[in-house]
Amino acid sequence: MTGSDYTRRRFLRDAVLASGGTWLLGACSSTPVVSTDTAAAGGRGGAAQAGLPAIEGAQLVTDPARMPKKFREAPEFAKLVSEGKLPPVAERVGSAPLVLKPVHSAGGYGGEIRRGFVGQGDFQNAVRFCSGPDSLLYWDFRFEKVVPNVAAAYELSDNDRVLTLHLRKGMRWSDGSPFTADDLLFWREDVSLSPELGSGSSSMRIGGVEVELEKVDDLTVRYVSKTPNPTLPERLAGWTDLAGMAANAHLGGGGFLPKHYLSQFHPKYTSVDAANKLATDAGFKGWAAHFRSLASWHQNPKLPTVTPWVLTRPINNPPWEFGPNPYSIWVDDKGNQLPYIGRITMGNVENTEVLALRAAAGEYDVQDRHLVVTNLPVLIKNEKRGSYKIHRAPNTEVDCGIRLNLAYDTDHELGELIRTVEFRRALSLGIDRGQINEAFFLGTCTPTATMAARGSIYDPGPEWHTKWATHDPAKANKLLDRIGLTTKDSAGYRMRKDGAGRIILDYQAFPSIADFIGIGEMVKRQWQRIGIDVNVASAEANLLTQRATANQLMLSGQSVGTDDPFLKADTFLPTVTNNYPGMIGIPYAKWFASGGKQGTEPPDSLKLLKDAMALYAKGLSEPDDDERVRMGKKLYMMHADQVWSIGIAGFGLAVNGVYLTNNRLRNVPARVVNSLQMKSMNNTYPITFYYE
Amino acid sequence: MPRDAVVDEERISVASQRQLIWWRFRKHRLAMAGAIIVLFFYFVALFGDFLSTSDPQASEGQRSLMPPQAVHLFEGASLSPHVYAVVGQRDPDTLQRSYAVDPTRRIPVRLFAHGYEYKFLGLFTTDIHLIGTEGTPAERSLFLLGTDQQGRDIYSRLVLATRTSMLIGLTGVALSIVFGVTLGGISGYYGGVVDTVIQRVIEVLRSIPVIPLWMGLAAAMPKDWSVTQVYFALTVILSVIGWTELGRVVRGRMMQIRREDFVTAAELVGSRPRRVIFVHMVPLFASHIIAATTLALPLMIVAETSLSFLGLGLRPPSISWGVMLQQAQNVQAVALSPWMLVPVIPVVVVILAFNFLGDGLRDAADPYDL
Amino acid sequence: MLSYVGRRLALGLFTVWAVSVLSFLIIQLPQGDFVTTHMTELADSGNSSAVYEAERLRAEYGLDQPIFVQYFDWIGGVVRGEFGMSFDWNRPVADVIGDRLVLSMVVSVAAIIFTWAVALPIGVYSAVRRYSIGDYTLTFLGFLGLAVPNFLLALVLMYIGFAVFGTDVGGLFSAPYENAGWSFAKAWDLLKHLVIPAIVLGTAGAAQLIRIMRANLLDELRKPYVITARAKGLPERRVVTKYPVRVALNPFASSIGFLFPQMVSGSIVVSIVLSLPTVGPLLLRALQAQDMFLAGAIVLLLGVMTVIGTLVSDLVLMWLDPRIRHAT
């Protein structure tokens, strides 16, 4: 009989007792750090986790008294300046540069960062590491408040209906042209709202009405909404279609675009024929496809950008390479223009096992993408040999759960069962989360319901953390008996009420950040004890999208929940109408989005879902921050109580949670918030990394 | 002349063709070994549940990635097979689970013990297994080849995977033979336009790369079919394409013997072409057909493992050697849990056995071998 | 005979056309298209807030046309030498394939050289020293190479290379040489990386070759002319190599035509495991992403090469064996 497990909690308890209250950490860095972050309100990132160092990061300096007066630059730029090919650095960073105080110390120039990426679909790899980020606003490193980024300052007024952005004086694009309000307007009027190019930005809409973008002067713009729009700064800062050129320009989003460069390819500024001719010359079918390709940060080296690194070799001609942006607006508090490390090289890998082995061999200087939790032991084992350090960054979301399609109706009886709250609660109680955590996540996740991060501003309290999310087969059986599923067949499985045999649920998944098929198999065994049979099948991601949009999926294993319902609610509430994360209820989402004209209205059994959607819509427009946070908490409470998705284990390392850095790199923060909204790992601030 | 030789000669001259083949086959020792091994594997496939110890789907996170257990045969001087209980814990630094033997807890191992319930050959339910434990259920105590990531017993999974892997190719191969012999025979016998058309069809089919074909077909299957059903259907389809090799060879041989006297004689007597082809001509290279069959089966097995790796063949929750190898196809397994690679051994052994068997059969049945 | 060649060429063309139609159909079989893939990938990387008009994209890519219209558009372009644009790579298909085709050939050639260099001597030795310990051991090793699934062998060898020898993990070039111009150093770097792929890809073929070589040579060695040569006092080595080995090599000459397409198809899995920048992984990703033109072009290319291979084989056989020549 296998003995008792020596859980992480027990180890820490012993460690605490042994060391008189001082926290020790896991194998994260060689110097033990005493955590002082005990009182952290944790923003949306949650409280400091036991056993891991405190969150730290570079800090934005806005106090004019601390702004540097003299500037320095990389030697290669100094040389070009002396040859007269570049203006001097003080001119290049503009009069209002973005000043960052590096987390540990100022550094010196030189070196390159090597990384790995996996195929053409992996363009987010660079976006989440070396794009700056180039969004107009950003979060502070604790994920607590929105701070200026590309824009110099912002303010909300008129009951949060008007957001004013001030741009940086003297700021330039990477080719030297000035960056002005015209670039934001060009984006909004000629791209975002264009029927051929626009992405139908949902972030520029509130209460069904478009947000107007107005130019005040060359350095000031205003976003004007009809109803209060308090979350707009957060949308400009987080992971939305407004968040910067690197992530979104090729999709018609981003918030701003280089007008001086792209207008020559836009029919409004030339002519349709001229634009089409340029397109066909380049091998594209029409000017729209050409435009999109030109606006792609990872494919077009000629595209002017504001990111700290500029593309020198595109992703579709590996290796993928970046060089330093001479007009980078980032400087450190001593006046050194950032980044310190000018070159980034990314090698293409055909499969992730090779990537893991190369990482273990020390061939990468910073690698966060595609390192899965199950590779951790091998990576840790080779730390010394590869001369790197492994960092762990627990996620702010629930890495593993089961998404339910509340609108499922292909098999009416099963659909009705899914819409019965006792059924969902029973399914959730039938799962042994500790097992799944051990087998698939090496014990690094926390068993949980679909919930906000522990200690985040939305955390409703400990009694909600595992609401309906403990392992209680007895209670689950009672609930199932109570709703009338009392007939069982010879194998102990519950029968359908219409007499057509056993209840067989349908679970489909594809292995992405974790082995969701294996997890399905384990859940299948666990549900045997409560008499529910389930068919586990794997399907390509593509197929799942198709099936989700056609409302054919029933259950699917993937990540669930969110760290902020007002910024990203796609798996949390029925808000998305056209892809796999929205499978919680695509017909309902259509109904909500169209105001009742399309889609299906949620039935009475899901009345609370309607209430939640109403609360969500209200919260989006709620100017009082505290009230909005209270509403967010209520949403989490409702979701957990009604089990609209089944949370299994979360706040772990499954998504970008494991990253390694070369031992010779400095200014690597001991721990960062790992969140999509923060575009992690941009928040490690690689612009401040340097080699010693 | 020695008396034995006289008797032998007499026996040889009156022995039937089948007996001759058998006697020649027997002399080829490697082929005999191959035959015995193949039969052994089919035996294992048949009696899978009886031979396994744990329910192959019994997972337990706490015993994830356990190395194989040592079975001790002796207690002092007496024969008393047993294993010791194992205690596991996870190192919070390296995140590896380590397992230590607890010598105070002894679990006896018995023959014909009680274990999990199963249906023997689909006939009756029983719970007797060849090997099992006394006291604690085998699922929690006996791990002859260690466990996989979900804590499932690898030995039991391997035994049951044998069934799937050994049986999966049979239909496909059978169909290939039917198509190959029929169409190749027709092509070679009639010649002319018929031959040209069939040859072109063969050429087109051969030119299509297998993997895209497989992917396209796999994706086009009805959604509600189970993975095994899909794979079965695909095997059938692939055999429809895979007969080409056999077809070409049959056609070649047919053309060689087309003008032989005995064929002309049969035609003159009035035998219909079907009879001439299948009764008179085909048996001449029956040996080659048999050899081709025994060599095609291992290819099916290899194909299954490769396609499972790409996620196109059998997939979990089905169990086959290919699926088990696919789950072991990662750095973690190779570096830290190499016992997960153990399915490679039966794959290699079976392929070798089939190859030797096929060689032996071909040598034995070929009448022109000196 | 010229008419025979002419006829074969014409029929070959027909086959190629049939292959093109079948390939195109097969690629279209899975539900969805590249736009679906693209949107799935966006959603997967957290971009679900980008509300896309899939229909608009489809119209742009021409994916909303009925299938035979798409086919004729495509094949018309192919005949003119325009292979279209790869949706995934956003580069012309010809560029994408071209880069990798050369490397595919290099890997194949290396594997073939390994196969022959290993198998021929072993085959000859096995035949000459029949039933000896050497024979059994080498044949057994050859079989082992055939039986072990090559992707597993690839992973294990790659790991051993990493753990024991500290070699580069997978790939065909070290980082500094990847983009550099060709030089002696780069060629040497490539050679070092070719060792594992050649071994993995070559072992299966080597086993086959050993067996066939051995069988053929055994047949030849029993023939009267060999006995005569020996009786006349020729040294054993000359007896074996002067004629028997050359005759035994006949079947290989005729199978040369198929080597390349077989290599490319057969090496897909290994190329993925070892992360080789060859055509195999390119094809797999194109199929999964439904990057129609790229996948279609590669499949067509393989089909064409097979057809050419068949033609070459038939011609070689015809040249070698007078019986077939006279029969046509």
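As written, the chain order gives the labels A, B and C, with residue 1 at the start of each chain.
What we mean here is this: a residue touches a chain if its C-beta (ideal position, glycine included) is under 8 Å from a C-beta of that chain, and two chains touch if they have at least 3 such contacts.
Keep in mind that what you see is a predicted model, and the values were worked out from it rather than measured.
Under the stated contact rule, the graph of chain-to-chain touches is complete, every pair of chains being in contact.
Ranking all chains by how far their C-alpha centres lie from the centre of subunit B, first place goes to A.
Annotation: 41 Å between the Cα-based centres of subunit A and subunit C.
Centre to centre, using the average C-alpha position, subunit B and subunit C are separated by 26 Å.
Here the CA centre of subunit A is 47 Å from the CA centre of subunit B. Taken residue by residue, subunit A touches two or more other chains at 353, 357, 360, 540, 543, whereas all remaining positions touch fewer. Counting partner chains per residue, subunit B has residues 219, 329, 331, 335 touching two or more of them.
Touching two or more other chains at once are residues 30-31, 155, 159, 272-273, 288 of subunit C.
By the touch criterion given at the top, residues 114, 119-121, 124, 196, 199-203, 239-241, 247-248, 251-253, 283-286, 288-289, 293, 296, 299, 316-319, 345, 347-351, 353-354, 357-358, 360-361, 363, 512, 540-546, 568, 570, 576-582, 676 of subunit A touch subunit C in their complex.
Across the interface of their complex, subunit B is touched by residues 1-8, 11, 26-27, 51, 353, 356-357, 360, 374-378, 380-381, 434-440, 442-444, 515, 517-518, 521-522, 524-525, 535-538, 540, 543 of subunit A. Of all the residues in subunit C, the ones that touch subunit A in their complex are 30-32, 36-37, 39-54, 56, 60-62, 85, 88-92, 96, 155, 158-159, 162, 166, 168-171, 175, 178-179, 271-277, 281, 285, 288-290.
Interface residues of subunit C, counted against subunit B in their complex, comprise 11, 14-16, 18-19, 22-23, 25-31, 143-144, 146-152, 155-156, 159, 163, 211, 222, 261, 264-265, 268-269, 272-273, 283-284, 287-288, 295, 299, 302-304, 306-307, 310.
Those residues of subunit B that touch subunit A in the shared complex are 57-64, 85-90, 92-96, 102, 105, 136, 140-141, 149-151, 219, 226-227, 311, 315-317, 329-332, 335-336.
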